[in-house]
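Following: one structure in C-alpha cells, then a few remarks.
Chain nomenclature is as follows: A, B and C, assigned in order of appearance, with residue numbering initiated at 1 for each chain independently.
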Amino acid sequence: MNQIDSERDVQEPSTHLLKTLVGIHAPSGEEARLAGYLLQHIQKEQRKWKVKPEIFTGPEFQDCIILKFGEPRTAIFAHMDTTGFTVRYGNQLLAIGSPDAEPGTCLVGYDSLGPIECYLDYDQEHHALYRFERAIERGTSLTYKVDFHETKRAIESPYLDNRLGVYVALKVAETLENGVIVFSCWEEHGGGSVPYLARFIYEQWKVRQALIADITWITDGVYPEKGVAISMRDRNIPRRTYLDRIIAIAEKNRVPFQLEVEGMGSSDGRELQVSPYPFDWCFVGAPEERPHSPREKVYKKDIASMIKLYGFLMREL
Amino acid sequence: MNQIDSERDVQEPSTHLLKTLVGIHAPSGEEARLAGYLLQHIQKEQRKWKVKPEIFTGPEFQDCIILKFGEPRTAIFAHMDTTGFTVRYGNQLLAIGSPDAEPGTCLVGYDSLGPIECYLDYDQEHHALYRFERAIERGTSLTYKVDFHETKRAIESPYLDNRLGVYVALKVAETLENGVIVFSCWEEHGGGSVPYLARFIYEQWKVRQALIADITWITDGVYPEKGVAISMRDRNIPRRTYLDRIIAIAEKNRVPFQLEVEGMGSSDGRELQVSPYPFDWCFVGAPEERPHSPREKVYKKDIASMIKLYGFLMREL
Amino acid sequence: MNQIDSERDVQEPSTHLLKTLVGIHAPSGEEARLAGYLLQHIQKEQRKWKVKPEIFTGPEFQDCIILKFGEPRTAIFAHMDTTGFTVRYGNQLLAIGSPDAEPGTCLVGYDSLGPIECYLDYDQEHHALYRFERAIERGTSLTYKVDFHETKRAIESPYLDNRLGVYVALKVAETLENGVIVFSCWEEHGGGSVPYLARFIYEQWKVRQALIADITWITDGVYPEKGVAISMRDRNIPRRTYLDRIIAIAEKNRVPFQLEVEGMGSSDGRELQVSPYPFDWCFVGAPEERPHSPREKVYKKDIASMIKLYGFLMREL
C-alpha cells in the first residue's frame, strides 16, 4: 500500500511539491521558512515512508533538519537556501551568493510595511539596485518572483538549485531504510552549517560517507538528458577511492550518468572536505541551464536518473 | 561601594584605561603582551565587579583569555590584536592585516638591539618599507606610534579597532551577572583562535549565542553620533531570527542604534559562522572614521550606546 | 646495532628511498598509493628504529597515516600529495594545486586503457592541455615523469615538495623517542585532512605543538646551502612565543638555519592555525629552486640541517 502511495507520488503530486518548495522565500540566513514547511511536510508524509525517521531539529541545529533512518552509513546533504539580494542603503542591493539576472527581473520579499514586488536594475558601474514605489527597510532580503514552467521534458523555474535537491532527498526518503538526510543552510553564501551537522552525524553514528544532492551546470562536457552528473572534482578534489566506488555502483545498476570534471564551483562538499571529521563526499546532481538565473532549466530524464542513482547509492555504499 | 567605585571608573579613569590599552604593542601573533596586561587588570579589578568571573588562561588557550560569569547564555568576543607590519629582508615590510597609513608614519617595535622608532615609506610599486638608522631584525613587528587625542565629543587614536572593543567588554564585565567574555587573537590576520574558543565555551556551557564587540566603519549609511551599529550582514550573513531578537531588544530599551548592511568586511563572527558549533552571532560595535589608520576616530556617544546596548543584550538574550 | 643500521641508512640507501618516494604517482586525492608504500616501508623498517611507533591508519584516517612514539608533545606534519593535472573534456587539463611546467613536459598516469605517457601543452589563452595518441579518460590524473638527478651537492627532481618532507620525517623516526609523525593529504589543493588529524592527536594525547616538514623557496632572503629555513610567517602568522622557542633551540644546538619571512604561501600550518584545537605550528623546511616544476632542486647541506634540527626540536620542544 505504501508502495502504491509512493508510486503515485512520483507522478503528478511531485511536481506540485517541487513548485511549492520553489515558491518559499528562503535565501541564505532566512532558511527558517523553508525548514518550517519541510518539518510539516515530513510529519505528514513519513507515515507513508518505508522507515519512519528520527527527526533532529531545534536551536542546536539552528534552521537545519536532520533525518535519521535505520542504521546509517551514508548521508545526503541538500541545502535549503537560495541566492538573492539584501537591501543596503537607499535603493542599493547587495548579492546573497551569486544571483545572475537581467535588469527588469521581478524581485519579491517582505518588510514591516508588507509584501514587496519590485524590479532589479543596475547602475552604470553594474551595482545592483531596486526600483519600487517606496523605500524598502534595510536588511530586507529579496528573491526572484517565481515563474514555474513545466513541459513534458523539462522544468523551468528559479531556485531549482537547490529546491530540486531537497525534492530529490524527499523522494529518496520514501523508500530509504538506512541513511541520514541533512537539510543544510547558507550553502550559497559562505556556508557555516555543514561543519556542525558533520560533527553531529559523525559523533552520533560514525557516519563519514556523504553525497551532495545539489544542481550542477550544463557545460561543454555535461549535456541535457544524458543523466545525473557524478562530479569527479570541482574547486575541491574528493578522494579517488570513494569516487570509484560511486561510479562502479552507477555502472553496475545501469543508471544513466555523466562524469563531470570542473576546476571551479563548490558545494556543501567543500565544507565536509575541510571539516575536522574524516568525510568522504561526492557531488551527485542533475545539470541545469542558466544557473542562478530566474530561468534555471532541468530536464526530467536527469531528475529521474538522479533519484534512481541516490536509491542505489544509499543501499550499496 | 562597589557601585560607587564602578561609577567612578566610567568617568576619567576609563579614558586612562583605553589609552593604556591602545599603547600596548600587540599585533596579530604577539597578543601575549596585551593578554598579560589584561590578566593583571582583571585580577585587580574583579573584586569591584558585581560577579567575580572564572578566568581561563594558559597553554590550552594560547594567548587568549576567557571570563565566565554565572550561568552564561551569550558570549562577547573582543579581539586583542591589531594590524601592523613585519620586517622582511633588507628594509622591506609585509602587512599584518590591512594597515592603512601614509609615508612618514612613525612605527615602533622592539628587536634584540633595543626599541625601534622608524618611519614608514613606500617604493614606486607601493611596497611598504622602513627608514631607520640601522637594520631591523627579520620578523620584527612594527605598529603605529600612538598619538592619543581626546576631545569632549570624540577619541582619536590608532587601534581603537579593537582596543575599544576590549575596553567595552571590560566595562560590561563590571555589572555582568551571566555571560562569557572572550579575548581573542589573530582577528586582523586570518583568525585561528575563535574556532577553539568556540569549541570550549560550547562544550563546557552549551553557549551558542555570540556578540562581536568590534569597531566598524562610518559609511554612506552609518553616521557618527547616531549610536552603536548592529550589523545585519558583512561578507557573511548571520541568521535572521537571531538578528531580529537583537534589534527588538535595542528598540525595547530605547538604546540609540543604527542598522548596518555591508557586502564586505568580516570579523570574529565569520569564524563562529563556519565553526563546527551552531553559533548565532552578530556584530555590534561603534563606527569609526579612518579605519586601520593611525588616526581612527570614534565618537563618545557611540561608545556610550555600545556599552549600554551590551548591558541589555547580555541580560535579555 | 640499530645505531649502526640507522647510520648506514643515512648514506646511500637514503637517496634510494627518496628516489622511490618521488616516483610514486600520488597527486592530491590519490594519496592511497603513497600511503600503501609508506605502510609497507614502516612495517619493515620500524624494527630498526629506537622506538617502535603505534600506527594509526584505516577508514577513519582516509589515506593518512599517524605514527605515535612514546609520550608525544610535538607532531611533525609531512604532506604526501603532489601537484598535477586532471583530464577534463577533450584534451583539456585542470591544475591540481599549482604546477609550473613548460610546454613539452612529459606527464604520466594511468586510466582503464593502461599507462599513459603524454605531453603538456598550452592553448593561446594559456589553458593547459595534453598531446597523446589517444583520448584519456575523464578525471584521470597526470603527474610529471620523474627525472631524478643527484650530484655531490644537490638533488634535482620533481616533487621534492614534499617527498623530501616525508623522507625527512622517516629519517627522524629512526631515533625518535617521543612524538607524533603525521602523513597528511590534499595539502597542494585546498587541504582537508589536517583538521581531523589535529582533532585526533589533540583529543588522544593533548598534543598541540606542531612542526611542518615541507619544502620552501629560495628567494632574495633565503639562500641555497645556508641551512634549513625556519619560517617566521607566510600568509599566516604563527604565535611569536612558539617561534622564539624554536629559534632558541636551533641557536643553542648550532644547527645552520635561516629565518624566512614571507607574505604569501601556506602549508599544513594554515589548517592547524584555523582548526578548533589550540595548535602552535611552525614551518621548518629546506628551501628549493624552481618550486612545483619538474626540476625542483634542493641542496644536500640543507637536507642535512633539516634532519638535524628536527631531531633537536622533537627532543627539546
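Methods note: contacts are C-beta pairs under 8 Å (C-beta built on N, C-alpha and C of every residue); 3 or more make two chains touch, one makes a residue touch a chain.
Note that the structure is a prediction, hence the values are computed from the model and not measured.
Colleague: Is the chain-to-chain touch network here best called a line, a ring, a star, complete, or other?
Modeller: Topology of the interface graph: complete, with all chain pairs in contact.
Colleague: Regarding the subunit B and subunit C pair, does the interface count as same (over half of residue numbers shared) or different (under half shared)?
Modeller: Copies use mostly different positions to touch.
Colleague: What rotation angle, rounded to the nearest 5 degrees, superposes the C-alpha atoms of subunit A onto those of its identical copy subunit C?
Modeller: Best-fit rotation on C-alpha atoms: 120 degrees.
Colleague: Provide the C-alpha centroid distance between subunit B and subunit C, rounded to the nearest whole angstrom.
Modeller: 37
Colleague: Taking each residue of subunit B in turn, which ones touch at least two of the other chains?
Modeller: In subunit B, the residues touching two or more other chains are 275-277.
Colleague: What residues on subunit B touch subunit A, complex-wise?
Modeller: Per the touch definition, subunit B meets subunit A at residues 208, 219-221, 232-233, 235-241, 243, 259, 261-263, 270, 273-278, 280.
Colleague: Please output the residues of subunit A touching subunit B within their complex, sorted ascending.
Modeller: Against subunit B, subunit A makes touches at 28-30, 32, 59-63, 86-90, 94-96, 138-139, 141, 185-186, 189-193, 195-196, 198-199, 271, 275-277.
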